[in-house]
C-alpha cells in the first residue's frame, strides 16, 4: 500500500479501531505482555504485526508466546496455543511467569474505573446487597497487580468513570489496606512485590495517564472530540490541563492490518 | 518350575536374597509404593512380579507406575520411566502424590537405626563436628514421614542398631519436637498429617516390628541365625520375647524370579 | 492401583449427593463436563457447593437449575458469546445462594494447595482489593466458618509477614479439596490414565485436589498406548474413580482436536436465560426435554455437529462462522 | 522476547563470578551440565554457593576442585557407582566449606517458591528430624543469616500453625533464587525454547528460580520445530540467557535418548577421589590435562562413547555391561 503510513481521517475509522491502535502503540518491542480477553487480544496481535514484532503474549489459560493463525475469541481458546512456546496451565501463567516477575505489560479491560485507576468488574452497589453483578475479577487484578505496567482499555461513559468505584476489583495507585480499608499508595500494600502500576487508560474518547500522586489526567483526546467532552463523560473532576493534544489517528496501514490480517472474520471489529 | 513353591534350604540362597524376598512380602497387592534407591527397587519389582501384581511404584525423580523392561540402578534412571503412567518431576512425586496422601508404603534403606525406628543417613558424631558423612537424607525422611507405612531394609550390625542415633534423618515413632528437641510421639509433631509410621525393619538376620509404645522388637529370625545372635548385633537391649520363629525362606520360584527376571544382569545380586 | 470403574452418566450423577462440594475441568467455555452437568440438573441436585477456578456456561446451567448452595470462584460468563452470568448474578442479588469471590490466581492458589496436600498456598496477587475486604466474607457472614464443615476453611485468607526476605505481607490462601472433580478429557485409558490436548488449564490440580474423580472422555483407549508417552499424561489411574466414554460430552464447550465451541448454542442459551422463566423454558427443551445425552445429540443433529468438528491439523474448526464477515 | 545468546563453554563459564549462587539441572547422575562444571574447575572458581535439590558427581568435581564455599542440599553420592560423596564429606568434616542440610522435599519446596516468585513454600515433610534442629543451622552459626546476603534467608525455616483446618504446625521453607541455573537439556531451539526427554526432575523449577540461565544442549534445533508441540516444552526463550551446543555435554552422567550413564567412568572417579591427592591426580588428567570438551571427548574415544549411545526405542544403552552377569 502506497499510503500505508498516511493517517486516516475522522469518519474513515471507527472508535474501536482507534482504541485498538492506540493500545497497540503502548506495547514496546520485546515486551512480555499478559493480555485479557477481548480488545486487548486484538491490540496485542496488531502490535505484534506492526510496532512490536518481538513482543510476547501470555494468556492466563496457560499459553505462552502463541502465534495464532486465526484470532482467538477468548484466552482459553485452542487458537491461543498455535505455535506457542509453552502450552501448559494457569499455574504456569500466574505463578511461573506473572508472580515470578517476567511480565512487563498487563493489557486489560474494565467496567468501571476511579481517579486512581482502581477498576471494578465485580458488582454495582454494596457487595453485600448489589444491584448488578458483572463477570467478576477473572485474572484482571492478579495480572494488573504484578506486571510492571498496566494498560486498561475501556468504554468512556460518565457512569463508568467514578470518583470511587463501588468495589475495587483491580488495584490502581491508591488501594485498600486491610483490615481498616483506608486508601494507601499501592507500594505500601505490595512491599517488595511492588513493580509498578497502571500507566495508561485508553477509551473511545481519549488516552489517560497518571500524575505523581497517582491521579488520572487526560493525556490526549481522540480526533473528533474535545477535552471538555471527555471531562463531561467523567463523574469526577477530570484534570484536562495536561492534555497535550489529539491522539494520533490510525494509519491506513494499521487499519488494513486490523481488518485484513488480525480480524478478517469480523469477530471484534464487525 | 515344578518346585517353584518349595522353600529353598539354608546355603541355597544368599542374605540379600532373603532380604529382598522378605521385603517384597511386605507389599500388599494394590499398594502405592514409594521406593528408594537400591534393594528397595529390587524388592518392589519382585513383589510386582509375584505377590503384588497390582502394586504401583513411584520414584522421587518423577516416574509414576513405571514398568521397567530392564532393572533401574537408581530412582532417576531412564529405565524408571519405561511404560510409566506419568513421567514428570519431583514436584509430582513429593507433592502431588506423597504430600497429597496417595502413598501406602514407603520402601527405604538406612545406615543407622534406633529402638524407635529413627534412621540416620547423614553423619556419625555431632553434626557440627562429624567424624563421618553419609550421603545425606535424600527423600528418605519425606517419604517415610507421609506414607501410611514404612519398611526399612538394612544391614544388621551392632554399630548400626543403636539406642539413639547420632542424627535423626528420618522419623520413627518417637521424634524430636523443636525448639526443645525432646522426644515425643510422632503424632504430636505431625498433627493431622500423621498417617502412620515404620511398620517393619528387615535385615540380613531378621524381621523387626514395633510395639504399642513404638519400640522395636524381633518378629522373626532368618533361618541359620538365633534370636540371641540378633540381640548381640544390636547395641541396645533388643526385645526378642515376641519372636514368633523363623522367617519364611525364599521359594525356588522367588529365587528364579530374582535372578532370571528381576536382576538377570547381576546389578544388586552379584 | 487402578480402581477406575466404567459407568454411565446417570450412574455417576446419582453418586453425587445434595450438598457435595464440586469442582470441574476446563476453562470458561472449554472442556467442561457438560453431559454430566445436564444430568445433575435432570436429577435435580440441590445445595451443591461449587469451588471453581473460573465459571462458565456449565455454572449457569447449574445456577438456573437451582442446584447451587455456595459458589466460590472469580468469574462467570460465556466469553464472547454472553457477556454476563445472568443466573449467578440473579442468585447473588436475590441471595438465593452464597457467592464468595476470590481472584483467579487466588483460586488457583487454593486448588494448588489442595492438589499438593498443603493447608494453604501463599500469593501476592490482588492485594489491596475489595476481594480481601473482611466485610465481604460471605461464608463468614452466613456463619459457615465455624469449622463444622471440613470443606469450609475457618478463614477466607490470612495475611502473613515474610520472615525470610522482608518482602512484606503476603496472603495465605486455604486449600480447596472438593468431594468431587467432574472432569472432561479428550482421552482416558481403560485403566484410568488421563490425557488432555493443548492447554492443561487447572485440570491436573482439580484431579489431585478432589477426594473422588469422575472422568468423561471423548474416547477410552488401551492403557498401553498412553504409557508409550508418559510425559504427555495428566493423571495416573489411581487418581480416578469413574470413567465414562461420552463422545461430544463437552458440547457446547470446546474440546481441542475434537470440536470447537458451539458459539450459536451458547449465544442462544445466554439470550434465553436472562430471566429464570427463560431458563426454565430452555431447560424444558434441552435438559428435561431429552432423556439422555444421545437424545441431546440427536436433537442437535449431525449437520450442526460436523460444522464444529476440529480440523485435525489445527485442533479447532475452520467451518464455523465466528464473526460478521 | 527471545534474548538467548549463543556462546562457548569458556565464555559462559567466565561469566560466573567467585561467590555466585548456582543451581543445576538433572538428578544425581543424570543430565548434569558436566562440560561446564569441568570448565568452572579449569577456571578455578572459588567460594561458589551451591543450592541444589540433590547433588551428584558434578558436586564432587566442584568440591574437590576447591570451588565451593557453601553447599545447601540433601544428598551427595554417585548412586550405585560410588556410595559416598567423599570430597563433600571431607569438606564438612574439615570445615573447609559450609554444609547446610535440608531434606529432598524441603529442597524442592525452596526451589518451587523461587520458581513461583513466592517468599516461601509450606511442607509437612521431615518434621521431627535433626534436619530442623536449630543447633544445626550452619549458615546461622557462621553469622550469614544477618540479611546482608540477599541470597541467604534470615532463617533456615519457620514453623507455622495452620489457621484454616487445624492441621497442626507446618514448616515454611524460604525461597531459593540462585544467581545462575546451569542446565543441560537434550534439545534447545535457536531462540532458547528448552525441551527435555523423559523425567523432568526439577529442571523447570531451576530455570524459573534462577536470575540467569545457561543451557548446554545436545543439539540446537530450529525454533519452529519445538513450537509444533508446545505441551512438550519445559521453558520459553525469555527464561534463557545463554545457549551452548555441546554434544556429550552431560558425560559421564546420562541423557535419556542420547546416552547412558558412564558407570565405569564414575566408579573410577569415585575410587580415585577418596583422597584429595587422588582427586588432584584425577583432575590433572581429566580436567587440566585436556584443553577443552573436544579434547575430553577425544581422550574418551569413540569406542567408549558408542557403547553408551542410547537405544533409540528404549532411550538408554543396551550395550553397556551394568552388573556381574
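Residue numbering begins at 1 within each chain, and the chains themselves are lettered A, B, C and D in the order written.
We adopt the following convention: a contact is a pair of C-beta atoms (placed from the backbone, for glycine too) under 8 Å apart; a residue touches a chain by one contact, two chains touch by 3 or more.
For clarity, every value in this text was computed on a predicted model and none was experimentally measured.
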Sorted by label, the chains bordering both chain A and chain B are C, D
More contacting C-beta pairs: B-C or B-D? The answer is B-D
Separation of the C-alpha centres, chain A versus chain D, in whole Å, is 41
Chain centres from averaged Cα atoms put chain B and chain D apart, in whole Å, by 27
Among chain B residues, those touching two or more other chains are 63, 81, 87-88, 95, 99
Residue ranges of chain C touching at least 2 other chains are 117-118, 123-124, 162, 165-167, 170, 198, 200, 204, 231
Among line, ring, star, complete and other, the chain touch graph is other
Pairwise touch list, complete, is A-C, A-D, B-C, B-D, C-D
Note: in the complex, chain D contacts chain B through residues 26-30, 53-55, 73-77, 79-80, 83-85, 88-89, 92-93, 99, 101-106, 108, 112, 123-136, 138, 141, 159, 162, 165-170, 198-205, 254, 256-257, 260-261, 263, 310, 314-316, 318, 321-325
Note: in the complex, chain A contacts chain D through residues 29-32, 54-56, 63-67, 81, 83-88, 95-96, 99-102
Per the touch rule above, chain C residues touching chain D in the complex are 117-124, 147, 150, 153-155, 158, 160, 162-167, 170, 172, 174-175, 197-198, 200, 231-232
Contacts from chain C onto chain B in the complex sit at residues 1-2, 115-118, 193, 204, 208, 224, 226-228, 230-231, 233, 235-239
Touching chain C in the complex, chain A uses residues 37-38, 60-63, 69-70, 73-82, 87-91, 94-95, 98-99, 122-123, 127-128, 130-142, 145-146, 167-171, 175-179, 181, 184, 186, 189-193, 263-268, 270
